[in-house]
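Quick one: the structure is below, and I'll ask about it shortly.
Naming follows writing order (A, B, C and D), and every chain is counted from residue 1.
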Amino acid sequence: MQTFTLEQVAQHTTTGSCWVIIQNKVYNVTDFLFDHPGGPNVILRYGGKDATAAYIPIHPSDALDKNLAPERHLGTLDDESINRLKESVNNKVQTKDELRVEEALKNKPPLQRVVNVEDMEEVAKKILSYRAVAYYSSAGDDSITHVENGRAFGRFFFHPRVMKPVSQCDTSTTILGYKSTIPVYISGAALARLGHPLGEANLTRGAYKTGIIQMVSTNSSLSYAEIAAARVSPDQPLFFQLYKHVNDATAEKRVRDIEGLGYKAIFLTVDALVPGNRELDIRVPHYLEDLENQGLPTQRKSDEDEGETDRLGTAGGLVIHNDADMTWEKTIPWMRSITKLPIVIKGIQCVQDAVLACEAGCEGIVLSNHGGRQLEYSLPPIELLYRIRQQRPDVFEKTEVYIDGGIRRGTDVVKALCLGARAVGLGRAFLYAQSAYGEAGVVHVARILEREIRFGMQSLGARSISELVPQMVERVDWQPVTRAKL
Amino acid sequence: MQTFTLEQVAQHTTTGSCWVIIQNKVYNVTDFLFDHPGGPNVILRYGGKDATAAYIPIHPSDALDKNLAPERHLGTLDDESINRLKESVNNKVQTKDELRVEEALKNKPPLQRVVNVEDMEEVAKKILSYRAVAYYSSAGDDSITHVENGRAFGRFFFHPRVMKPVSQCDTSTTILGYKSTIPVYISGAALARLGHPLGEANLTRGAYKTGIIQMVSTNSSLSYAEIAAARVSPDQPLFFQLYKHVNDATAEKRVRDIEGLGYKAIFLTVDALVPGNRELDIRVPHYLEDLENQGLPTQRKSDEDEGETDRLGTAGGLVIHNDADMTWEKTIPWMRSITKLPIVIKGIQCVQDAVLACEAGCEGIVLSNHGGRQLEYSLPPIELLYRIRQQRPDVFEKTEVYIDGGIRRGTDVVKALCLGARAVGLGRAFLYAQSAYGEAGVVHVARILEREIRFGMQSLGARSISELVPQMVERVDWQPVTRAKL
Amino acid sequence: MQTFTLEQVAQHTTTGSCWVIIQNKVYNVTDFLFDHPGGPNVILRYGGKDATAAYIPIHPSDALDKNLAPERHLGTLDDESINRLKESVNNKVQTKDELRVEEALKNKPPLQRVVNVEDMEEVAKKILSYRAVAYYSSAGDDSITHVENGRAFGRFFFHPRVMKPVSQCDTSTTILGYKSTIPVYISGAALARLGHPLGEANLTRGAYKTGIIQMVSTNSSLSYAEIAAARVSPDQPLFFQLYKHVNDATAEKRVRDIEGLGYKAIFLTVDALVPGNRELDIRVPHYLEDLENQGLPTQRKSDEDEGETDRLGTAGGLVIHNDADMTWEKTIPWMRSITKLPIVIKGIQCVQDAVLACEAGCEGIVLSNHGGRQLEYSLPPIELLYRIRQQRPDVFEKTEVYIDGGIRRGTDVVKALCLGARAVGLGRAFLYAQSAYGEAGVVHVARILEREIRFGMQSLGARSISELVPQMVERVDWQPVTRAKL
Amino acid sequence: MQTFTLEQVAQHTTTGSCWVIIQNKVYNVTDFLFDHPGGPNVILRYGGKDATAAYIPIHPSDALDKNLAPERHLGTLDDESINRLKESVNNKVQTKDELRVEEALKNKPPLQRVVNVEDMEEVAKKILSYRAVAYYSSAGDDSITHVENGRAFGRFFFHPRVMKPVSQCDTSTTILGYKSTIPVYISGAALARLGHPLGEANLTRGAYKTGIIQMVSTNSSLSYAEIAAARVSPDQPLFFQLYKHVNDATAEKRVRDIEGLGYKAIFLTVDALVPGNRELDIRVPHYLEDLENQGLPTQRKSDEDEGETDRLGTAGGLVIHNDADMTWEKTIPWMRSITKLPIVIKGIQCVQDAVLACEAGCEGIVLSNHGGRQLEYSLPPIELLYRIRQQRPDVFEKTEVYIDGGIRRGTDVVKALCLGARAVGLGRAFLYAQSAYGEAGVVHVARILEREIRFGMQSLGARSISELVPQMVERVDWQPVTRAKL
């Protein structure tokens, strides 16, 4: 294999010829610049330079093979260059954010002190890089919908039943026929390696240990094969969250690949076809620049500064090749023609579309507004679930209904189940957990939820999931407080 | 009686052989370790050592006799050991929390400055140990329900009547036929000695002085006999809050015992069969550890730190032997078979169960969500009372209805009575009062309530309890402010 | 007239013989001690001493003549005693609160900077003594109702009409047949001299200047005759707010007196028959004591400290002789038998009593919860007005309806008028105004309201009061913000 | 032309003879004093002096020609006076507010950091003079309505539709037949030069660049002709916001003038006939005086200080000649008689008047409460729109309906369009944008809105404006949070 010096690579910095170094290998990315989902500028910033630190946490290991023709894999750095590069990485002055993270990691509390899911979020937000926090926690526009997803649960109160035998209480259920110890699954969420070097594999192993099911994101930071390989047992079910590629052939290949890898269901995501406006994420470079500048605001240098804001953020580009022209008539039959896997529609946001999904024969639907990350003022999923229960209870007979968004407590889960949901998904909670404590964090969160769900069921007088019924929940006309201080 | 040295006791520190010293007596608790409601670890922490300071405030004096066979009462320390132990207690460095309490006690305001029930709570929270504050004030999950219990009263406004003769106004009523000067009783609440050395006896004597009735908790920190003996007059009625033991024989003995001691009614508690998730209480050891460490967070020491949180807290274990399989069909007839006392079901949380309790022939029901300490989002009792009034007013004809939870003011009491309640219970308010000022505090709170209730009745145009009617209360559609600052 | 030395007076300090000095005169108040509305302790505190500073601002000048037999007016101090007393008053160290007031008065803003009614309240609260602020602003229990009175207006929005000729707009109306330039009157509020040496006379003269009507409180700090004499013209109408004395003869004398003095109507107050629980007022001595003690809380000195709180405050005693046994059947006919003046019932708090007042033939009713100073959770008057409009609009045909409580803006006034009120009363606003700027303050507030009312009417398309109709107001289902910051 | 010395001008300072200097020219304004919309005092403050700095930013260039007879244009200063004046301006000590602005301008962030409309407002509020901020942001009374206009949008949630082809999405529409790239226009807002020297021309050019339409205010700070001349192309449409002058002849001349200048429509404003009570604006002199005085409050100097507050503020006078007696019967036919331009009624605030405007044949209506600047508690426009949709949907068939007030986000625009609005107006947002960044700011805001609107439409499944329908919006019964922090 050919070798290069740092100086040679440094010649290629433009759209005319752009090379980058990743893990001491040299790549010619000139042709790919304008196909890059994050746009060419993100790459050009590293043109002629080492891009390893920025590249690794947000790309699966097979990304270069998939996207770059073999002849663009030019070779490696020579040994001296490798040493110089290593030295320069070692000598790099730490940023203020890196220093903060280093300090936070020293003070990370023992896992036993994480008493509930919000605790986990708090720990993770302290030890994650700012970029990771912003990407994980950001939501659409003013994050109102993200917050409302959670607040909405507050408007549902219980009618607990007493004098029922509940010493034996079974929290298990099935999801698409697969057994789960609790009515909870890990929802597909992107870029787990941004938070922890083992990334999605932490989720896979934690799911196995606690008997729950993981849904893998199209935008996972490990390859689909790596995640499948991380399973503890070949029987461990995995679901796949699919963004359909605009190109049918590319999309078909992806579906056949994941079916081949043993994934058990497709969660076709229909609520994130165009990039959301995640302002916390968009502002990351402004924040980090100011942080380095001692908090002094960056001044406008000249009139040439004026112009468009870069709005893609860490992951806005991830949806850039999504098919924004799917229809019930065209897309579902096409899916059926290429796979035998059950199809669940993720991102149902109104009663009418829940009905249409049933009519289209989908095996399940996820009531979801993408965790508040897409359209601001999309109804909170628990409110939509309630409307389906009121207006079209037949939906629950015809398909499995899941919800995600805003779930933090066992009571949230139990409310959804009383109203007719078969299971609920949590995304961020598990991402935060694996970021803070790896696999042990994932197990810890699952166990917290298991305990809270069991307690909720017992307190309602229910011995099994099937005894959770709509009469146990009342939607009240006031908004309770959140997390009261005593 | 045999004597031991400290050194001898110190040999017995394991599950194989565990001895503890309590008030200079030596006990072999090996056999009891795994029957301890709070789990073995709490005891093992004191294995081979003096456990007096931790043991005394939360166990009634007959606990050792009841739970430990006579042969496990091994003997006493020898005199020299007693002296050494005394010295070591005297030399013990005070914790930061003890120092805080000492300072707070110096600044405790005179009782006349306690103008209302919330004032009392504020004083008590300052002078109590952190462990006691956390145990008394903790509630389920995020304490939302605890707060909502109180906020709910705010949505009920009055329709006061004028031009009615009210100079003579009688606030008295009867509860299960027993006379009470106001429609208020002291609700059973556990571990009063955590707050004051005289514990539940303060409540007994304060109740007598003000002509109200005390309900004694199964988990009282004085024995049931000691409390009965604290009565000022043999006619003074006491009620008993019963947690039915999972073992029928044990349960029957408890019922027969308290009937024998002269208790007048059984309040069978059905809403706390499994331990609630009281996070403030669970976090007590974390808080105290950090406090001693100058507020530095405790770091995770190794991977072995990972694992389960100890979630029982100060009193989670108290419900560990409760019968979680009671039913209307089985339990009520069984109760009737062993006692002639009236049976009140405490912990009714929905309209349907209020009706079932009537059908089961219960003499009374308490609408209660255990002060928000059990299932988060259980309806506030005043809201449930309102629903019974709207949907099943016949319940009020068939049984006496009480409520507890969130009551702080005479207006709260009067609202409940207008809607049909016969009386209301206050638990924490009286616990705080006896903690801060002993018996005088209990009397003070009762008098504050008496004054506020009388004023409320007069302002509504009511001369007697029977003139409080549903038409005097309106549920409004907005949420008022709480405790306005002017 | 006999003269006394300070030493002679100083002998009489007990319930057996109690003398006080007021403005250098000596009074024997022994017989009166237990008739004093504020109780004997308040007087005994000054037994044998000079009570001038405490007495003057809260008693009308005829109080001693009315309450003390001539032979109890013992005489005067001798000249030397007068000089010594004067000197000791001059040498008295100022309290911290007096020093604060002195400083605040120096910084009092010019009247032009008082842009609205809340500004006036802010200025007054800065320059008043703490005792006066607490008395004026205190309300029942937690002051929730006081705040809700104002917040309630926020739920009423306008349906303004456009394309109506409004350049000419007449804000005037009549109240009980008496002309008023705006549909606003000064509501009876006690103890104006607590805020300003000229007291109620400021209100009388300010009312005249701006063409509005003053209602005089039974508990005014000038005598009814002094206030009548303060009128600028003999035609200036005054109304009288009557607390009926429990003794019919005393009550009759009061009514005949005020009729003789030329007062034009009786506002019989029925919502404050027993003293309200005004905690801010009750805590005044605690606050002032702590203030002097450098903010250190007062410690409990001994067990003898325990006991009852003094709950009368500055004015709780003022209602102590009120008749708490009035009825529609008895009281109204009796009133008619002793006076020809129109009778308005002040303190109607529910629809039913509004109807009863009509049936009793009253010339008017005031929907009022006493400014939130009596029963907490009495409905806000604007809400009650709305319910009468919905349920019994015939009331508006049968009697004049006024409201008071929570009014701060011209829009509040206009809302009330749209819903059927004939006029609204403001009490505190005018008290604050006269406290801060005397008569000029009263005029200023009336002019602010006049401007705001006119603007509101014009914006609704109304040229006269009669064009304000219910269709112009909508009760909305959300609670708006209060006083937004931009 | 005659020349004058500073000393000569300085003689004329009274209502008897008042001269002022503006841009080195000398004017005799004696006759005009009492016709000045802002009242005589504002001018007299500059009598005999240079008024340039105060005059320029708030008067269009033709104001002196329009309002002052030629013989009152007396001449110019002589050269020496000009130099002395220049020097004195240069030597003038900067006020604290000017220093603050100077500093803020140095730290103004680059335009790319302005991510949304609220960011723009924040930047502008930092770099504007206090007077300008207060004028732009001030609203009626307590600014409640201004805030509620925005909060009201929060109560409308979406029912997004999925599986619709949205890759092609057209945000364009027509307004009164004129093409607009987005359903947004620049609403007429006064005094743009207060914020930026190029004033309204920034809006004109920014509107052209982004394909949207500008409505010009009667109170623009450039002359109508200058704005018309600022158009980039003669085809660029401009609308005119008309305050009808009380004098029909004057009003007619204004209409004919603007028609002659090529304006395309008249937005007759009917909701601001009398000056609103904009307290933030009224308090500007108090604030600035205190700021200069080191924040010490201004003390009241003497009794002569008492009296009326100057309430006109920066622009209260601007409406002083408005016709407050317009009617549907008289005014619309008269308008038709003098112009062929379409007539839109701006300031409809209830359903009934929307219907009357249709019956009067108006080409459009603007649901508006003048941005909360006039009557407090006028319904938020989006709420009114909702009521028209519920009660009188025929209105949308008969006329074009626009709304303004509270719009900050693309989702706000989309909600209004779903409910039937044809377009929405933004005033302050564009004023702030041109203040902070001139024309580039205007372009930036339009592009932000365009992106947000497109994203909203795509997320709802709408390819074109006509696919936005009422079923896509639900009014919910709770109030969401605003701008959540994560």
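We adopt the following convention: a residue touches a chain if its C-beta (ideal position, glycine included) is under 8 Å from a C-beta of that chain, and two chains touch if they have at least 3 such contacts.
Going by UniProt, the chains are A, B, C, D = L-lactate dehydrogenase (cytochrome).
All figures in this text were calculated on a predicted structure; none of them were measured in a lab.
Homomeric contact subunit A/subunit B: same residue numbering on both sides for under half of the interface positions. Annotation: 63 Å between the Cα-based centres of subunit B and subunit D.
The mean-CA centres of subunit A and subunit D are about 44 angstrom from one another, to the nearest whole unit. Of all residues in subunit A, those touching 2 or more other chains are 477, 479, listed in ascending order. Viewed as a network of touching protein chains, the structure reduces to one closed ring of chains, two contacts apiece.
Note for the complex: subunit C touches subunit D at residues 106-116, 154, 156-167, 409, 411, 415, 437, 440, 444, 447, 451-452, 455-456, 458-460, 471, 474, 476-486. For subunit D in complex with subunit C, the touching residues are 137-139, 141-144, 146-148, 151, 155, 246, 270-271, 273-274, 276-277, 279-280, 282-283, 286, 296-301, 303, 305-311, 324-328, 331, 345, 347-353, 356, 369, 374-379, 383, 477, 479.
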